[in-house]
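Chain nomenclature is as follows: A, B, C and D, assigned in order of appearance, with residue numbering initiated at 1 for each chain independently.
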Amino acid sequence: MTDAENTDRQTVSHTFRVRYAETDAMGIAHHGSYVDWMEMGRTEFMRAFGFTYRQLEEMGVLLPVLEINVRYKAAAVYDDELRITTWVEELTRVRVKLAYKIERTSDNLLLTEAYSLHTFAGPDGRPIRITHHPEAWEKMQRMAPPEILRSGE
Amino acid sequence: MTDAENTDRQTVSHTFRVRYAETDAMGIAHHGSYVDWMEMGRTEFMRAFGFTYRQLEEMGVLLPVLEINVRYKAAAVYDDELRITTWVEELTRVRVKLAYKIERTSDNLLLTEAYSLHTFAGPDGRPIRITHHPEAWEKMQRMAPPEILRSGE
Amino acid sequence: MTDAENTDRQTVSHTFRVRYAETDAMGIAHHGSYVDWMEMGRTEFMRAFGFTYRQLEEMGVLLPVLEINVRYKAAAVYDDELRITTWVEELTRVRVKLAYKIERTSDNLLLTEAYSLHTFAGPDGRPIRITHHPEAWEKMQRMAPPEILRSGE
Amino acid sequence: MTDAENTDRQTVSHTFRVRYAETDAMGIAHHGSYVDWMEMGRTEFMRAFGFTYRQLEEMGVLLPVLEINVRYKAAAVYDDELRITTWVEELTRVRVKLAYKIERTSDNLLLTEAYSLHTFAGPDGRPIRITHHPEAWEKMQRMAPPEILRSGE
């Protein structure tokens, strides 16, 4: 279930359940699972804007990860229904920073706050300027409110 | 640690430890983790014969999985040292079947018996005859004792 | 999305998308990912019958895996929407066998056929007779059409 | 293979190979795999000091993750041999911060720099002061050079 919210900060929420395979011997969702959920979050974020990451890859633009940061506030357990909310925090010609929060839907408890920083790269993994792909650049800009578009690098 | 045993049934053993990420909320190694360990087992099996799967891929030969079967006898927990032993159970021009057993090293308890069946495929994923790659075929044959080489198919 | 179909063979279907983390360097969904999807399939199968696996665990009944078998017919790629259909193939007082098929929703292409065999166990992992938990047994029986209920072991 | 280096900054290195299951459709090790490797790094770090995380758990002390940060410099591919080096960057009575670097062994190329921040918790997941477990506290202190032991909190 995905729900786009077109306010100033354009966020997209997606709900899902914790799989058994995603838990660990502490009885909770393994902290590494959140990294895969962030990836799912950005997939659904782009889809909500009518421009999928798969299309981006087919245009020859990859989004390799430069950095991730995840802060864990509370734990989830197997079968919990969670909601990941994704938004663009920074967009330049050479990179994009996405932010995420993950909440438990039953009581809106905040579990995690996170971000991921990505560079734009060609099929060979080398950095490119997204402005060299005008169609992709135009679409990426729609995902980011004007005030966070930075002209610099 | 890898240890090749050159008896009639040529087996290769590799030891490793259960990672925390590989456990689940039952407090044991998740049953899906064994599938990744089988893959590691066949990587080390080929390396012990001086012919890595990476080299095989670079020659344009892939080994996509047709079938896996895993029978679970006993459970492993976090940080257990396990030993996976791998051997070829069947080799034809179009496919190879590998068998595995996974044991706990501390007491040789048998945890799992498994097999995986693979076809030979080109970079596009389409089936090929391994005999069209004489170097690869020659090397694969060394991994399998004569009595299991089947002429058919 | 889950869709229960109450015909003779009671099946439950659940759709989901292939995550990037679930792909491998062959460019396709890793064969191990299907094992996690089967687990998700049985979670949704039970939920459709109003009796979740989480409830079963809270009653002190676990379903450790005795065996899995997966046959791969065709590959999936990142972001493909897939449908897993789950049903009970065998139910006795000491074990249950679930069967699965995974298809690509866009063209109903069959990707995988699989089964998993489970024993009933207590919190300590030891086998139990499900009939000692009348409520659980009554609910499990509803998931299985009469002709597959076997009285024996 | 683990190699403890007892200099001022006490580091422990552990080598391992990238598994096929750890790669993704970009043809490289998935960025989430590094999180599991960090966990393996801290397991081997503690083992090198003769005090395993499993023993710590058996004493009733867990190390849930408060935060992770991973900065990706270069990519690894299937079967690359990597080395993870782990050390303690901060140790107080209520938390410990571990730092990591991951390098490719063939040419010492730095792939990743990372840290993880952990709280000390009881079996119920609630924060505890590690000083209430004198044996564990004494052993943790040996892992950290004196200058990074902070009295605060």
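Rule of thumb we're sticking to: a contact is a pair of C-beta atoms (placed from the backbone, for glycine too) under 8 Å apart; a residue touches a chain by one contact, two chains touch by 3 or more.
Keep in mind the model is a prediction, meaning the values are calculated, not measured.
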Item to complete: Have a look at where chain B meets chain C and say same if over half of the interface residue numbers show up on both copies, different if under half do.
Response: same
Practice prompt. Give the chain pair, either C-D or A-C, that is connected by more C-beta contacts.
Written response: A-C
Discussion item. From the centre of chain D, which other chain's Cα mean sits the farthest off?
Written reply: C
Worksheet, complete the sentence: Taking each chain's mean CA coordinate, chain C and chain D are separated, in whole Å, by 36
Worksheet item: Per the centroid of Cα atoms for each chain, what is the distance between chain B and chain C, given in Å?
Response: 26
Worksheet item: chain A to chain C: how many Å between their CA centres?
Response: 30
Discussion item. If I count partner chains per residue in chain A, which residues reach a count of at least 2?
Written reply: 20-21, 28, 32, 35-36, 39, 78
Fill in: In the complex with chain A, residue positions of chain C that touch it
17, 19-21, 35-36, 39-40, 43, 52-54, 78-79
Discussion item. For a test of understanding, state which residues of chain D touch chain C in their complex under the given definition.
Written reply: 20-21, 23-25, 27-28, 30, 32, 77-78
Worksheet item: Any idea which chain B residues touch chain C in the complex?
Response: 26, 28, 31-32, 35-36, 39, 62, 64-72, 75, 125
